[in-house]
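Common to both upcoming complexes is chain A, partnered first by chain B, then by chain C.
After this line comes the complex of A and B, so read on.
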């Protein structure tokens, strides 16, 4: 094992331990699971003799109307075709994802600003191993949460005679890779910016931009308009984790397994690219803001 | 008081006269009769729309005309008022392949019809003199049918007259105490004439011969504009034509009709989809062959002012799978094979209202009527909480992509267990914090 990797693993271990001592990670997990709970019980009460009818439950009526109004009935039907779990999964991953990525952005910038990283670089650690440690921590904690979520959703499925389905597991893998890419983006933003506030603001803005572009591509329209925004969205899509996620899910729907795997590979390559860019930036810029 | 009443009437009149009448605009439109994979459907492309959507490698009919176009807010649709104005233009259509060459298309006489076959979708199009021949053939069939019907009606009248006459004679002779055996024999020999059957050469008869630009194009993007007889280009006639293909074909979809909601069928389009029900009623399944199209393109082909999702594909039912069988499997019961059967929908009696689906009784209560539904009946109850089904074709072979799951959702009372599970991370957090605080307090 390389010297840098060893340092990254040691710091990551320390970081994971710290996360288990602070309440943030637990609260984010509980919020995610509570959201799942309400969405699953809402789905169960939306079932009648003819299947899923979102008008039967106030929460689902709100969700159903919003989704079908923005993205169309075809989108809504596809989302709930194999049950509630795809939608539940998308929603319940958000609290933990936001907690982990925002805390990485915040802590990395803060520690850079106060000179903690600079201090460590006089020892056996460099900037790259430090941000790699954050990345490893985020990935490990995400995997742990995903395992907990699968356990919870399986219990919910068992109790209500629902089924997770194969499509759910394909989506789970895609989302994991999407999160990996988003974590590397958060690291790059942390490396590029000098203060925690600006890093968080920039990161949220980037996520919103990706989301808006994704939502735009699935919004029901009356006609194609080639405009500046469509060209801009085409450019943004090249680095957008949501775009690749959407693409991978559409490939799996059509049964194109090879294309699905290729998209996962592209997301891995992009993640490595962002980490490499972060490495180059930190090398040039140094670890002091 | 009288003045007040007059004022009241006046205001009502003003109110009625200023009611929202849609504004009709005189517009150049393309009237489109497009093949939608299973049928021909009509729409129009107004001046507000810039694109026409068509399926590739199929005959589609386009005409250029002037009419009144208005927005109907109740349904949110754009509509045409052909009764008030319907002026077809005479000219040619210039079609240009995007970034390629152009060609001039002249209008042709055509007719389209659906003929009998193994499947229902046997659409045929004839053009030019052939179209005229087809139409004349159809007219001759109809005329022949009317002629036979007329003869039948005459024969029926003479039969009725003869019957009445014989009945009267028998009554008279009986009353006079005479022998009626001969007359009875005559009555027995009388036969009611057979009613003629309408021609069954066509499922959908040929449309009257019309003229249109027939577009049968490969997938791609094109531009069209209408050229008048004097070689001038018609204003507002320039449109884009998007010709698209199905992405996948011959998928198997199911239409699921719950026994208590005949008017609210649901669809199951892919093998990964699971149908969750509450198990309170039986289900009636109708398997369909289906093709997959781009959501936006397909919707706009059916209705040019429709909205759709450009990045989603949607399965479209094409025709019911004929002569199949459904194999049911489950954990708690033996495998079962069910067959398609006819059913009749009856209005439920009593205060409950609604409908109920009953087996079609061709000899009894439903005599001289046709079935409303030909479907597979799947019995549902709480013991059969998971039903897995496969569709087999006539030869007993499994049809790819036809497997589905039906699950009866259990509205469990153990929801509180799930709620407790949600709070598990907080419990772990509390335990760790207590252990840590004890460790460092000592």
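After this line comes the complex of A and C, so read on.
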């Protein structure tokens, strides 16, 4: 094993241990699971003889109106066609994703600033192994949370006489790859910026940009966006995890497994590209604070 | 062991290090001295591959060194001036040492590395607090921990940036003994410092850097000898006769005299040792010298002379201005 990879694994191991010592990761998991619980119980009370009717539950009425207003009724119907779990999964992954990616952005910049990375680079560690450690930590903690979530949702499905369904697992894989891409983007931003505050602001702005372009493609505004800034939205979509996620799900709905797998491959390649760019940037910028 | 050729570091229009040529042999304790802003830290960061030189080359172990050579860093130990413990404070001293042992993969190389960690903790009196969190450590304890962390992987070269600043006298002695013991084992030690009196006790050779330029590089004794303008001889006499200060001036090599109690201070030129001539003269006059001693110029005095007062003198003795 190379010195770089060895160092990345050692640091990642400590980081994971550190995450289990601090309350942040537990709180994010608890929030995610609580949201799942409320959304599943809300869904169960929104079912009548005609099937799922979001008007029956105040929580789902709010969600249904918001989603149909933003993405359209067709999107809403497709989302809940095979039960609540796709939607529950999207929602319950957000707290953990935000906690992990924002803590990576915050800590990487802070540790660069106070010289902690510099101290490690006096040994067989370089900036690349340091950010790789953050990436490995985020991926491992995400996998652990996904496993917990699958267990929780399986139990909820069993108790409420629902099924997770194959589509749920396809979505789970897509979301995992989307998160991988988002984590690499967070690393790229951490490497580019010099302060934690500006890194967090930039990262949130980038996520919002991806979301705005995604929402624009579903709504009436899309025509306006297309004519006004077609090139910009086209460029953003090329690197947007949400765009690829949506594409992969539409492929699986249409039964195009190969295309679905190709999208996963594209997201992997893009993630590698972001890591490579981060490596080049940190090589030029260095880790000296 | 460490060699630089034409090393230059510029930050915009400011030249921090200017055409620096260093040559440090294996097993040497090399003191790198200079006032704040002289270019010491920039030089050290370049030697460590943290900062890229604007121009010039660095050779470590007779190989050209670039930051990519991670394997070479296994042979280097570093004690930086500032320690970013803020992110490690949740660890105990033992866990902190274990983290670095893991990074250097010492378990694979040496088997059980806990013995080495315990040995080093004992050397600096930190064994008793090995299970205490770093957050509770004093500045001196942190400094000692940093030094043994740098020694953990048994490096061939040790870079120390202000290693004893912030230590109490006992701590200074412990670290001094540790540095000397590590040097006796054959380690090359590069110390950057402004604590001149301590460098005098440790270093075989010193270099003085000022405004990015190497002003002097020599062994301690010869550098001090070169810097001495005149010699001063102190003579304690049983009784000090009236006017001896003037009468002794008949000796041609005496430049000046002063008296203080029973001590006669004589300034002579630095050509040779005149103590024998002076004691002969005094005995002929019926006086008994109880002590004849030549005062030595300390490194501290030499350093002040070079950096602030007399660069011209220094240039004459072989420095590069």
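Some notes on this structure:
Here is the rule we use: the second predicted complex is superposed on the first by the 281 of 289 C-alpha atoms of A that agree within 3 Å, B and C clash if a C-alpha of one lies under 4 Å from a C-alpha of the other, contacts with A are read in each partner's own complex, and residues count from 1 in each chain.
Here, contacts are C-beta pairs under 8 Å (C-beta built on N, C-alpha and C of every residue); 3 or more make two chains touch, one makes a residue touch a chain.
All values reported here derive from a predicted model rather than from experimental measurement.
Once the two complexes are laid over each other on the shared chain, residue contacts for A:7 go to chain C alone; chain B is not touched. Within the superposed three-chain model, A:167 lies in touch with chain B and out of touch with chain C [touch as defined at top]. Of the two partner chains placed around the shared chain by superposition, chain C is the only one that A:125 touches, whereas chain B remains out of contact. Looking at the shared chain after the overlay, A:47 reaches chain B, while chain C stays out of its contact range.
Looking at the shared chain after the overlay, A:21 reaches both chain B and chain C. Once the two complexes are laid over each other on the shared chain, residue contacts for A:152 go to chain B alone; chain C is not touched. Of the two partner chains placed by superposition, A:88 touches none, neither chain B nor chain C. Contact comparison for chain A: of chain B and chain C, B touches the greater number of residues. Touch criterion not met for A:188: it reaches neither chain B nor chain C.
Of the two partner chains placed by the overlay, only chain C lies in contact with A:116; chain B stays clear of it. Within chain A, the residues touched by chain B in the first complex and by chain C in the second are 21.
Taken in their complex, chain A has these residues touching chain B: 20-21, 23, 25-27, 29-30, 33-34, 36-37, 40-41, 44-45, 47-52, 71-72, 74-75, 77-78, 81-83, 148, 152, 155-156, 159-163, 165-167, 217-224, 246, 250, 253-254. Interface of chain A with chain C (complex): residues 2-4, 6-7, 10-11, 13-14, 18, 21, 107, 110-111, 114-116, 118-126, 286-288. The part of chain C that touches chain A in the complex is made up of residues 45, 48-52, 67-68, 70-71, 73-74, 76-78, 80, 82-84, 86-88, 90, 99-100, 102-105, 150, 153. Taken in their complex, chain B has these residues touching chain A: 49-51, 247-248, 256, 258-261, 264-270, 272-281, 295-296, 300, 305-314, 385-386, 405, 407-412, 414-415, 417-419, 421-426, 428-429, 432-433, 436.
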